[in-house]
């Protein structure tokens, strides 16, 4: 059967558009199931490996790929040819709509992070070695680095001891984040005794999330009466 | 009921040929027999095979015949030096016991099944067969990677906004309190570091475990001693293990860990069981 | 929106079939882009997170999912609802055609593996010792470990007997892998041909949506008043 059906030979069964539509379904499934892009050669190999493989040529495959491309016009995915072959890809437009899919919940800082930050805030200026002395364990470089990156701490000098270790202190950005005017506004340990009053007093920063959609959520909960009964049964 | 004549029943099929006798002069490739015998998932599976192969009624098992066949399998396995799970020998003993009880005159209420010595065996066989079948059904369900495949479209690169964790002042304060409290603890610890020496702890542990009885691993630790105390105990246990003064045993993956002192050998329970089984033959 | 259009309010914009078709395009892209099945709740969250989110309800989403299902009729992929949500997958028919695509053979599992898995699936919560009682042989640690690693089973509690052995139950990932929505979809167990005295009763746990197993177990023993007459005889 091979590559190019010669016009002369009528014996050669020529693939009809019906066949091409069938092939397109197969190619679509193959591209969606494959982890990597597939080249025409790979597609040909896979097509010929089918249990009852109808003979297929590369030009048949190109026809099928064209059908898929046209079919994608009104979909959120498109057929894309990249260096190593063809693959399905979410359109740029749609990708922007899918932000909610990949929005990670912000990670939480470790206990080590909080303790280190607290020591820097309350005992500044302080060296890493001194933090380690109090905590009884080594302080990971990652923790210090992430605080420096957030610009919550800075190097305020060097202790005049062997090795000249850096001394850390908090920044203005740190005060801003916690809505503090000066370090004196940091709560004292004594204040911890009454958690309730603490919470009121502190005006803890709310998570500002501009993108929350109050109207949409309201709309959703409007329907919840009727919806919930459904979803109970469903899930 | 068919009376199963042993001579007609091959106890193994090797390369298509039925084998009705123990291989004595005839050479059978041991690996072939091994593969066949290893296909059984245990004594219940082997028994079920023997019963089903002869179309026997599971509710009315001819115990004498089945026991004979079963024991022959066990012997072949032992001859081939297959690693024979203790459960096989236990089952042989159980069959032998049922067989002997069947020989005793039955109580008057003949039809009362409760008194049938085979009842418990039948119950176990049925239950096992039920889940054996369920396992086959499960295996046949269409499943990912074999019968269907996940599909995926590539997601174009997005400028992802990595959100940074939120921190409250309260969390900071609590962390400060914790770390200061711990520093306090460390200060205390400095005063009493001496009594927590590893060597002394090793001695303490050795007096608590002895060769005759196990001590539970977790009981060796005293939470009251704090983290350092626990650490010292742990180091002491490691040291004792290294010096082979104790052994640590866990009966299974998630079972509790036990510790005991090392001494002579353990009695071989399997030996006794296999003697019972063969004795009865 | 769609479910209960209040006749009075004309201001309420009603989702048209046009809107549902648009939503279907979005949902299709979301499911194709997501690595895991997405539940209705997750889809709703993602739909509402769109930059210019039109209000969307769960019933709108169900309409969209229906459109997608219909659309798949002539394709090599299908929309399937499994335990943790909706996902696209290659149809079984098409999967057989795709043999040439995958070099690796699918993972094979031993009989011991499946017998153990079946006991956990049908008799959960169940301890290792209880599995061994039925199978008549020891359960290898490797089998349990590999099930835990695949996240097909998890420890749902500890039996209140000496040694406090762990009790295992299956997970949503298990159901997902076997294309099941709930435990009720498992093939039914064979009937027992009973001797009079043999009454082996199976306590198939109910699949409680969302709620994890431990409370379900507690519920089980709560119910024991009514159940006990049966289950006593059983085990």
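Going by the order they are written in, the chains are A, B and C; count residues from 1 in each one.
Here is the rule we use: contacts are C-beta pairs under 8 Å (C-beta built on N, C-alpha and C of every residue); 3 or more make two chains touch, one makes a residue touch a chain.
Every value quoted in this text rests on a predicted model; they were computed, and no experiment measured them.
K.L.:
Relative to subunit A, which chain has the most distant C-alpha mean position?
P.N.:
Farthest by centroid: B.
K.L.:
If I average the C-alpha coordinates per chain and also across every protein chain shown, which chain's average lies closest to the global one?
P.N.:
Taking the mean of all protein C-alpha atoms as reference, the closest chain is C.
K.L.:
Need the CA-centroid distance for the pair subunit B / subunit C, whole Å please.
P.N.:
Using C-alpha averages as centres, the distance is 29 Å.
K.L.:
Please compute the C-alpha centroid of subunit A, do the same for subunit C, then give the distance between them in whole Å.
P.N.:
25
K.L.:
Using mean CA coordinates as chain centres, what's the subunit A-subunit B distance in Å?
P.N.:
Each chain's C-alpha centroid was found; their separation is 43 Å.
K.L.:
Which residue numbers or ranges of subunit B touch two or more of the other chains?
P.N.:
Each of 149-153, 155 in subunit B touches at least two other chains.
K.L.:
Show the residues in subunit A shared as contacts by 2 or more other chains, in ascending order.
P.N.:
In subunit A, residues 29, 32-33, 77, 88, 90-91, 95-96, 98-99, 103 touch at least two other chains, as defined above.
K.L.:
In the complex of these two chains, what residues of subunit C are touching subunit A?
P.N.:
For subunit C paired with subunit A, touching residues are 1, 3-4, 25-26, 28-30, 32-34, 39-41, 44-51, 53, 55-59, 62, 74-77, 88, 90-91, 94, 96-101, 209-210.
K.L.:
Hey, which residues of subunit B end up touching subunit C in the complex?
P.N.:
So the residues of subunit B in touch with subunit C come to 41-45, 58-59, 85, 87, 91, 113-114, 116, 119, 122-124, 126-139, 141-153, 155, 252-256.
K.L.:
Per the contact definition, I'd like the list of subunit B residues that touch subunit A in the complex.
P.N.:
Per the stated touch rule, the residues are 149-156, 158, 160, 162-180, 182-183, 186.
K.L.:
Which subunit A residues qualify as touching subunit B in the complex?
P.N.:
29, 32-33, 35, 77, 80, 87-92, 95-96, 98-99, 102-104, 106-109, 111, 114-115, 117-119, 121-122, 134-136, 150, 177-178, 180, 186-187, 189, 191-192, 195, 198-199, 202, 204-205, 207
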